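You will see two complexes here that share subunit A, one where it goes with subunit B and one where it goes with subunit C.
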Partner chain A sequence: MSAFSPQPVPAAAPSAGAPADVAAKPRTLWRDAWGRLRRNRTALACGAVALLYVLVALVGFTGVLDRERVIDGLATPGLIDQTLGKSYAAPALRDPATGAVSVGHWFGLDFMGRSVFWRLVFGTRVALTVAFLASVIEIVLGVTLGALAGYFGGKVDAVIVWLFSTVNSVPWILLMISFAYVLKGQTAFGHELAGVPSIVLALGLTTWVGLCRLIRGEVLKHRDRDYVAAARAVGAGEARIVFRHILPNVFHLVIINFALGISAFVHAEVTLSFLGLGVTDVPSWGRMIDDAKLELARGVWWQITVASIAIFIFSLAVNIFGDALRDALDPRLRGVD
Partner chain B sequence: MWAYLVRRFLLTIPIVLGVVLITMLLFSYVAGDPARAFAGRFASKAQLEAIRAKMGLDKPRWVKTAARVAKLDPAPGGLLTVTTAWKHELREGERFALYGEAVPRERRGEYVVEKVADGGKRLTVRRADAAATPGKAAPPQSQPAAAAPATMPAVTLATMPAATMPAAATGPATAAAAMPAPPAKPAGVEFAREDDAYLAASSVGARARGLFDSQFFDIVTFKIYDRPSMRYNEPIWEIIKRKAPASMAIQIPAFIIVLGVQLTLALVAASRRGRWPDYVITVASVAIMSVPLLSAYLFAQWALGMEAGLFPVAGWESGGLTWVRYAALPILISVVLGVGGGTRLYRTVVLDEIYADYVRTARAKGVAGREVLFTHVLRNALIPVITNTVAALPGLILGALILERIFQVPGLGSFMVDALSNNDHTVVMGMTFILSIVYCVLLLVSDVLYTLVNPQVSLK
Partner chain C sequence: MATPLLEVKNLNVAFDTERGQIRPVRDVSFSVFPGQTVAIVGESGCGKSVTALSILRLIPQPPGRVLGGEIVLDGRNLLALSEREMRGVRGKDIAMIFQEPMTSLNPVFTIGDQIAEAVTLHQRISNRQAYAVAEQALRDVGIADPGRRLHEYPHQMSGGMRQRVMIAMALSCQPRLLIADEPTTALDVTIQAQILELLRKLQRERGMSILLITHDLGVVAENADVVNVMYASRVVEAATVEDLFDRPQHPYTEGLFRSVPKLGQKIDRLETIPGTVPNPARFPTGCKFHPRCPRTRQLAAAAPAEQTMEAAAAGERFRVMRVCVEQEPDLREVRGRHWASCHFAENYPQAKPTAPQLDHHRPEVAAPAAAPDLIATAAKEEYKP
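After this line comes the complex of A and B, so read on.
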């Protein structure tokens, strides 16, 4: 998730055609972008919030979240009162049993006496894992296919354009659901795909189209530029030209796409959970909301509220930051402000 | 113009073919065993075969292959001979099941092997359980009678007397008459070897179909819409027709209102770029986009429906205008939640235009700001708007999956959700496919619209 950290990327690519400011440090796309982003306080704050979520997700990976806290319950260890509603507990600062301050009780307990707080932390881990892995699949597929199509043109281009036109002709939400639906009962390499793997695959395999189209268009533009001709003249191979020369020049699009895509993945997880195609064995934000769908009427507001707020703040932060990033990186808006 | 249209139409063909391939890939290859998913782990092989036949999964995937053809011939004494091109593992006295779409209804059921001949390629069999046959093999009441002749190709049973090929509705009775029933055995007898049922049904299934009677061609020719939904036991197409109006009643008003609000807000925001209206609209639309839909529906239902009592909590009534009462809250919440994304996008689109040279020219020659905005800018900005609108149209047909489920609207969305949770394979596949095709057509339409809106797009 390093894309959230608003640091200039060390291997900064020279922006094509931009005249270097010889007196100062060279003006690069990334340096310019950072300069613009730095002035945008809101965006920086949002970036910080997103980083905070990443940290919480990392907490989710440590041993803090043992079985007892997340999957079993806190109410009566080892013996959960199955009577409906008996295990609920409203948010409280202290554990009612011991009187000690208990983090696990801050957001209340759910219908099985499990700590909503710790489930939320675990849900953060699941949500960010799903979003990150799905983005990786999306980026690898989108960039590779897009670059191939744009650079080689001809038959390769025709096949790839056909492929993404086809995938694009299936409404995304349906395609995503269909993937999750057919993958949920499958096994691959001895592991069941139901849960995180099927969600990641369903999201990753269906979202690459936009990026692929974008990259193809950009690579097509760069293919005939002078620097590519120069690289070819000194004997660089095709792969080297594409991956070392052209891709760094279009990579900002990948970053923008990544930042703006994250929240869609998080929301998709909620949708899939509602449809019964989501995470099954561990807590997730989607499952917390889905579990709580009948609870509001009963006055049990805490689980759905905290999960919704968690998603809302995360999406908001990522969206605003992504927007600012796009404005900062998109050369078309240069000189406008 | 016409050349362009024809060319654009021809370009759609490989894409539609691609959509068929995706559907095949997902639902015939990746999907594993949908019959098992539907029936659960305790279903017998015979039950699974029956379900598979109903789902159309007993058919070959692409085209019929000769090796799968089997012949069923009546033999003296009410017996039946089964001749195949390959060797069977069935032994004398063993039971097997005969199902599959290509097996005439009156032939479906359980059989016992009387005699094995020709190295296992020719079996003489008798009915195992005539009494149980009608219950198991009787066609679902609502299945269209028209489907029956199609599944009984004359090729299959060319040697069968015409009298034994009755209409589907009279199937069981005539079957009993045509084939003297052996002593009835208690229902629910298990097979000696579980595999036999499978072997029999999948290989003896008398697959003498036409070359084009395959899963692939069922999709291409839209035959999948004649198949019954596993849950409703009614052809999918009939259900779609019945459920579409409720979806439309919510989606169409919401869609139109949303589009109007979005465009207005986008123009307001873009024309005041960097000032407070822009700031408020942008932040509000990003905020709306960040709300998880499911939570928003639940909170709206609880707050406005349950606590405030302004709207019915959930439900639907058709007939007259009573649906308006039920549609109001779903429409309201769809509008509020739908405004976000488009506004942001259209603002960017308008911004792209607002700094264009032609705008500067128009301003320079003294055109009023409002006129520049509404005639010059809006017309140019319409192209991405049309694309985006068209992209949203299939969602209109599907309805909102979650919305309809939460508010208990009996539309296509809740139909799909039902199908997903019931593992209703035919429905999930059918809905995915038909909406993709509709989408392809809409993309074609939007491309044509481009040319009407923007003469700059060349019609090569």
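After this line comes the complex of A and C, so read on.
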């Protein structure tokens, strides 16, 4: 017997469709997008900034901000401006009265002796609440109506297109004014509808149009695709096809719209509050700018500056992140399908 | 004769377009018996896909409309069912696979999700059980490592594998009839052979019937029991596959056979059927094939003048038999179990216009003996230098 006895060759089982790619995790749209986003340093930085604002807004919900600090004014006012007779104070590291380091004084005090810093924090909470809630209304209305219009066509489509064309044709500011007037003094579920609820409703009920148009176009494109016909051939009903089959294929657009829309909503809130149509009872970024507009001539610069910078940085961060998100989620750049 | 599983009787479908009404399916009748493979052959535009989609009522109702006829499954007329009842039929009693496997799967769901959905739409079982059914279905269609494949996405698979997944989805609820609309047209030839063999195997195992829509005569010759040839929205010939290939009765079928190139032929030009398929909005009168038909021209050359008339097509003028222009022939049983719609088919004047009923199965070919597993036998033998 030779020293070399060959080992028996293990019988290989014949298999169809031998697995060629041994990828650890399947490449989905979300994984691809996340990978692309991670490589974009600027976008990540902007995302971090936006997250910071969210954290600040959450602080705004805690009890740290009591009424007298932000709404009613300090019990011990700052220095009284001799010429103006009001309780301004320039930004300072320490509370002039006590000498201790006081965060509330870092951005100064406004004409009622209220801490600009804490008003800014509260304004962050208001801005993000408005942006988020209005987005929810916009998404629910826009996606549902857009999907129904795009999928069913015919009369359903005609009605919805008529609806959003009409809403879209009315000048936005007029719609807002009418909402503000109608809802003033009304209550629902024990809450007053003026102020934040009113803006949220007004914004949500006017911005759904853009998203609706977008979703309608996308659903129209997907409705004639083969996978829809295949799903129908397997016995899926219409509702199931629209919401479970088509919608996940267009949902990335909703995400992009949401990210970019936040900035738009914040701007809208600022404009409305500035015009006196928005938040009236609690501080918001728009209110701060509104309150401070006359002070600039008298050399009181801190409130309007701080509020404007805060809005600017937030918008910039959200816009850059939103654009990066759009690039990351673009199916054409994916290279698959 | 056994009862047919599916009977299509005088199906008429119309589409309302801007240019008026067109009728892609006119008076189509055929039957499918249990365990049979029925092929519908024809060129693009002859109405075969519309017929198949109409069986499952997948034609969008505006602009499509079923003008008349019956489609009987188990004694129920499918055209009379409500949409809800129809959804119970789709995927469960009758399933369908489509031509384009690359796009027939939803790109954002895993294979397992999609097959499991097909199952849960028709049976009340838990998700876990549905996934087990899906895994077994993938195994049945010959996909290796099905447990892993369940969690993959369509874009991770090749065309042949996607078509197998489509078949798995279609078969997951054990349908009695599978409608295959050009299932291999988009695949390359070797994969085509595998898919067709898979379908044959599954058919044998489950006693399922297959309605095979195709334009490929080779596929028909190897797989079909019964063939219906369609032209210009009607069935022009129906016969068992052996009869059709032995003695085609309709000039269109003859033309199709002549145009298939054969090995060993020494010719300069390939044969074609001159002319093009007629536009459904502007069908010719009488027999829809007469402008392209060699038989009618041959007969007209030898017939007395009053039986012929002039016709024109593609800029040419020629003489054809008058009856071909004036009367559209209906489908008659011209030979035993062989139907044709041509005025000049054998026995046509005496033949009866009936609906084709062909309970025929091609003779079973003994399954080839399993190839000897050479590697395993080699492993057992001792190596003796």
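Observations
The rule is simple: the second predicted complex is superposed on the first by the 282 of 337 C-alpha atoms of A that agree within 3 Å, B and C clash if a C-alpha of one lies under 4 Å from a C-alpha of the other, contacts with A are read in each partner's own complex, and residues count from 1 in each chain.
Methods note: contacts are C-beta pairs under 8 Å (C-beta built on N, C-alpha and C of every residue); 3 or more make two chains touch, one makes a residue touch a chain.
Please read these numbers as outputs of a predicted model, since none were measured by experiment.
By the document's definition of touching, neither partner reaches A:D110: not subunit B, not subunit C. Of the two partner chains, subunit B is the only one touched by A:V182; subunit C is not.
Legend: residue contacts after superposition of the two complexes on their common chain; A:R27 is shown touching subunit C, with no touch to subunit B.
With both structures placed on the common chain, the touch criterion links A:A229 to subunit C but leaves subunit B unconnected.
The wider contact with subunit A, measured as residues touched, comes from B rather than the other of subunit B and subunit C. By the touch criterion defined above, A:L163 lies against subunit B but remains apart from subunit C after alignment on the C-alpha atoms of chain A. Comparing the two complexes, residues 336-337 of subunit A contact subunit B in one case and subunit C in the other.
Residues 56, 58, 62, 87-92, 95-96, 98, 100, 103-110, 117-118, 121-122, 142-145, 148, 151-153, 155-158, 160-161, 164, 166, 169-170, 194, 373, 375-376, 378-380, 383, 385 of subunit C are the ones that touch subunit A when the two sit in their complex.
Touching subunit C in their complex are the following residues of subunit A: 1-2, 5-6, 8-12, 15-19, 21, 23, 26-29, 154, 225-227, 229-237, 245, 248-249, 336-337.
Residues of subunit B touching subunit A in their complex: 14-16, 18-19, 21-22, 26-27, 30-33, 37, 274, 283, 286-287, 289-295, 298-299, 302, 306, 344, 352, 355, 394-395, 398, 401-402, 405-406, 416-417, 420-421, 428, 431-432, 435-436, 439-440, 443.
Subunit A makes touch with subunit B in their complex at residues 162-163, 165-167, 169-171, 173-175, 177-179, 181-183, 185-186, 263, 267, 270-271, 274-277, 285-286, 289-290, 292-293, 296-297, 304, 307-308, 311-316, 319-320, 323, 332, 336-337.
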